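Multiple structures follow.
After this come two complexes, each holding chain A, first together with chain B and then together with chain C.
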Partner chain A sequence: MTIKLFTLLMQAALYTLGISIVSIVIGFAIAILLSAAMLSGKGIYIAPARLFISFFRGVPLLVQLLLIYTLLPVIGINVPSIVAAIIGLSLCTAAYQAENLRGGFDAVPKGLVEAADVTGFNPRQTFFRIRVPIALRLTFPALVNEAIMILKSSSLVSVVGIIELTKMAQDLSSSTYLPIPIFASAGAIYLVINWAIALVAGRVERSLPKVTA
Partner chain B sequence: MSLPAIAIHSLVKRFGETTVLQDIDLEIPEGKVSCLIGPSGSGKSTLLRCLAFLEEPTSGMITIKGEALGFFENAGGKRERLPPAQIRTVRSKTGMVFQQFNLWPHMTALGNVAEALKTVRKVPKAEAEARAMAQLKKVGLENRAGHYPSQLSGGQQQRVAIARALALEPKIMLFDEPTSALDPELTGEVLNVMRDLAAEGMTMVVVTHEIGFAATVGQQISFLDHGRLLFSGPPTEIFAKPRHPRLDQFLDTYLDRGASMLA
Partner chain C sequence: MLKRHFLKTVVGTALLLGTALSAHAADDALARIKAAGVLKVGTETAFAPFDFIDAGEHVGLNVDFFAELGKDLGVKIEWVALPWDSVLPSLEAGKYDIVAGPATITKARLERFKMTSPIAEATVAIMKKAGDTSITKPEDIAGKAVGVGKATAQLEQLKEYSATLPKKVDIHEYVSFNDSYADLAAGRVVAVANSLPNIAFVAKQRNGAFEVVTPGFGKKTYFGFIGKKDDDSKTLVDYVNEETIKMKKDGRLGKLQEKWFGTKFDTPDAITDPAF
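After this line comes the complex of A and B, so read on.
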C-alpha cells in the first residue's frame, strides 16, 4: 500500500462525494415538489407523486441505474454516464426524502398554523414562514440519514462506468493483488466522510432551536 | 346604545351529526371583559373559535364591529361566503391567545411578536422589532426577547403569546383557556397581564375555568351548558344567590379553583 495508491483512492473519493452531494441537492428539490403534490389534497397531483415514490422506493437502485443508463440512449438522450448516475441517485433519494418531508409537514402542530391564521397570514405566508421551517427542522435528522445512505449507495454507480471509490478500489486490488489493505482503506474513507457528515449535522442540529415540545 | 364589539345571531355549529352550539345569541359589549364559563364540552371553546373564524359556523351570523365575519346574508337572505382577503380584514380586528400558547418554536420571543408585523403588515424590520419590544416590555419580558419558546416557562410563553396578539393592535382580544395548561403558580403572572389589559379598556372575550378571575375581572358572564347559552349577565347578578341550579352545581366542582370566595 503506497502513497500513490492512497492518492488514487482519495481522488476517486472526491467523485463519490461530488456525485452524492449533487444528487442529494437535486433530490431534495424534487422531494419538495413531490411532498407539495402529496399534501395538495388534489388527486391529479397526488396520483403521479405516489406512482413516482412507489417506483423509486420499490425498485432496487442498481436496477434503476442500469435501466436509466440503457433507456436514455434508446429514447434519443445521449448523456455522459456521470449524468445518468446523478439522475438515478437523485430520483431515488427524491422518493425517500419526499416521504420524510411529508411526515415533517404532517407533524407541524395544527395550533402553530392556527396562530398564523389568526394573525392574518395568507396560506402562502403560513407555508413559507411557519410550515416549511418547522417541517425542515423536524426532518433534519432523517435528511442526514438519507445523505449518508446515498453516499454509501453511490458505490453502485460503478455499474454505469463511473470510477468512484468502490470501483477504484476494485480496479486497484486486481492490478496490485493487495485487496485487503485497499478495501480496508476504501472502507475507512467512507467511514471518515460519514463520520464528518454526522459530526457537522449534530452541531447544526444542536444550534437550531427546539421545535418539539 | 353603541354598536357591540361582537354580535352573535342564532349561531349553530355542528360537527357531523353532533350539535356543539345551538342557537347562540350574544352581544359582547365594547370595552368590557366578557367571560365564557361552563363545563368541559359545553361548547365555550368552539364558540370562541367561531369568533376567530378557526371554526366555520354551520349557520347563523357573527359580526365584528358591525362587519360580517366569514359569511354575509345577500339580498335574498341566503348565506354567502366572503372572499379570503375580506375575511382576513375582519379577523385582523381580533387577536387570539391559545391554551397551548402556540408560539412558533423556530423564532425567538421577539421574532414571534414581530413576525406578523413584518410578514402581514409589511412593517420594516427595525420598526417591527421596536414595536415588538414595546409589547414585550408591556408583558414584562423585554429581558427574554432573545429566548426561544423552548427556553421559556409556560407562563412566560403565554405572556409572549399575548404580546404577539397585541402587536397587531387588535380591537378585541380572544382568550381560549389561557391558563389551563399552566402550573398553578404560573397562572398568576398571566392573569395579571390580562387584568392590566382589562384596566386599559380592551374588549376581551375569555373562555376560562378561573372562576375567581371571571367573578372579579369579568363584566359579562355567559354560562354555556351542552351547547346552549343558559344565561348571560353581569357577575353580580350571575353569581348572586339564589343562583341558577345548574350554575350552583357547576361551581361546586370548582370550589378549589378560586370559586370558594363565592360560596
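After this line comes the complex of A and C, so read on.
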C-alpha cells in the first residue's frame, strides 16, 4: 500500500462525496414537493406522488440506475454516466426523504396547530411558523440517516461507468493484487466520512430547539 | 383532466426531444464523430492485457490501438468503462460509438452486431495454479471447479467443451475475469478458462503463481471490436477495419501484440464464418 494508491483512493472518495452531496440536496428539494403533494389532501396530487414513491422505494437502486442509463435513450433522452448516477441517487433518496418529511408533518401535535388557529395565526403563518420548524426538527435525525445511506449506496453507481471509491478499490486491488490493504483503506475512508457527517449533524441537532409533544 | 394533460405534456416533450436528437443524426456515425472530434469507446477494464487498470491508470492494447486510430482520424478518444454484462446493451442504447473489449467473434454476436477485423487470436485454454499436477491436459478439468467470466464467449465454449467430457465441469461464473483469477489464487476453483492472450499475460504478471495448460481446448477463434449493425454505424466499422488492416501492414499492430502478449499473432483480415 503506497502513498500513490492511497491518493487514488482519496481522489475517488471525492467523487463519492460530490455525487452523494449533490444527490441528497436535489433529492431533498424533490422530497419537499412530494411531501407537499402527499399532505395536500387532493387526490390529483396524492396519486402521482404515491406512484413515484412506491416505484423508487420499491425498485432496487441498482435496477433504477441501469434503467436510467439504458432505457432513457430509447425515448430519445441520452444522459452521460455522471448525470444518470445523480438522477438515480436523487430520485431514490427523494422517495425516502419524502416519507420522512410526511412522517414529521404528521407528528406535529394537533393541539399546537389548533392553538395557533385560535390565537389568530392565519394558515400560512401556522404552516411556516409552527408546522415546518417542528416537522423539520422531528425529521432531522432521519435525514442524517438517509444521507449516510446514500453515501454508502453511491458505491452502486459504478454500473453506469463512474469510478467512485468502491470501484477504484476493485480496480486497484485487481492490478496490484493487494486486496486486503486496499479494501480496508476504502472501508476506513467511508467510515471517516460518515463519522464526520454524524458529528456535524449531532452538533446541529443539539443547537435546534427541543420538541416535546 | 389535469392528469391527462400532464401525461400529454410528458409524452409530447419526449417525442420532441427524440425528433430533435434524431434530426441531429443526419449524417453517418463516422461523419458525426469527425465533426464532434471525439470517438466514444465503451469497454470493461478487467480484461488484461486489452483493458485494465494499472495502479490507477487505464492501460492495455486497446488503449494503444485506439490512441493510434484517434491520431489517424484526428479525434480524441473518450473511454466509458462498465461491467462487461452491460457493455453491449449500452452500445445498443447509444452510450458510445463502438466497443473495445475485445470480444470473441462468434456466430451469435455476428447476428446482432458488426465485428471488426480481428486484432488477436481468442482460442480458449485453461490456466491452473503452478505446480498442480492433477491437471496436465484440458480434459483433466472434468468434474472440477473452473472459473470463467459471465456473459462471455469463453463461457459458451467451456459449456460446450464440458458437455463432451465424461464428467461435467463445475462452472463458476464471475462478474469479471479478475475475480476468477482471485478465486484461483484462493483455491476456490482449480482452473480458469479464458483466451490464450489473456491468461498468458496474467501468468506472466503473477510471476510463477499460475501456469497455462497448452494446447487450448476450444476451436480457433479471434478477437474483434464490436460495432452496431445499422447503416448509420457502417462507415465507422468500415473505417476501423481499414485501420486495423493498415496497422497490420505497417507493423504497428504487430508491435502492440509483441508489447502486450509477448508474441505476434497471424490474424485474417476478416471473419465471415466463425468456427463457434
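In the analysis below, the second predicted complex is superposed on the first by the 212 of 213 C-alpha atoms of A that agree within 3 Å, B and C clash if a C-alpha of one lies under 4 Å from a C-alpha of the other, contacts with A are read in each partner's own complex, and residues count from 1 in each chain.
Everything below uses one rule, namely that a residue touches a chain if its C-beta (ideal position, glycine included) is under 8 Å from a C-beta of that chain, and two chains touch if they have at least 3 such contacts.
None of the values given here were measured: they were computed from a predicted structure.
Looking at the shared chain after the overlay, A:Pro133 reaches chain B, while chain C stays out of its contact range.
Contacts of A:Ser207 after superposition on the shared chain: neither chain B nor chain C is touched.
Measured by the number of chain A residues touched, the leading partner among chain B and chain C is C. When the two structures are aligned on the shared chain, A:Val118 is found in touch with chain B, with no touch to chain C. Overlap of the chain B and chain C interfaces on chain A: none, as no residue is touched by both. Residue ranges of chain C in contact with chain A, taken from their complex: 2-3, 6, 14-15, 17-22, 45-46, 48, 52-56, 80-83, 86, 89-90, 93-95, 176, 178-179, 181-182, 185, 206.
Here chain A touches chain B in the complex through residues 109, 111-112, 114-122, 125, 129-130, 133-134, 137, 208-212, going by the rule given at the top.
Contacts from chain A toward chain C in the complex involve residues 4-5, 8, 44, 47-48, 66, 69-71, 73-78, 81, 158-161, 163, 168, 171-172, 174-177, 179.
Chain B contributes residues 52-54, 84-85, 88, 91-92, 94-96, 98, 100, 102-108, 115-116, 119-121, 148-150, 161, 164-165, 168 to its touches with chain A in the complex.
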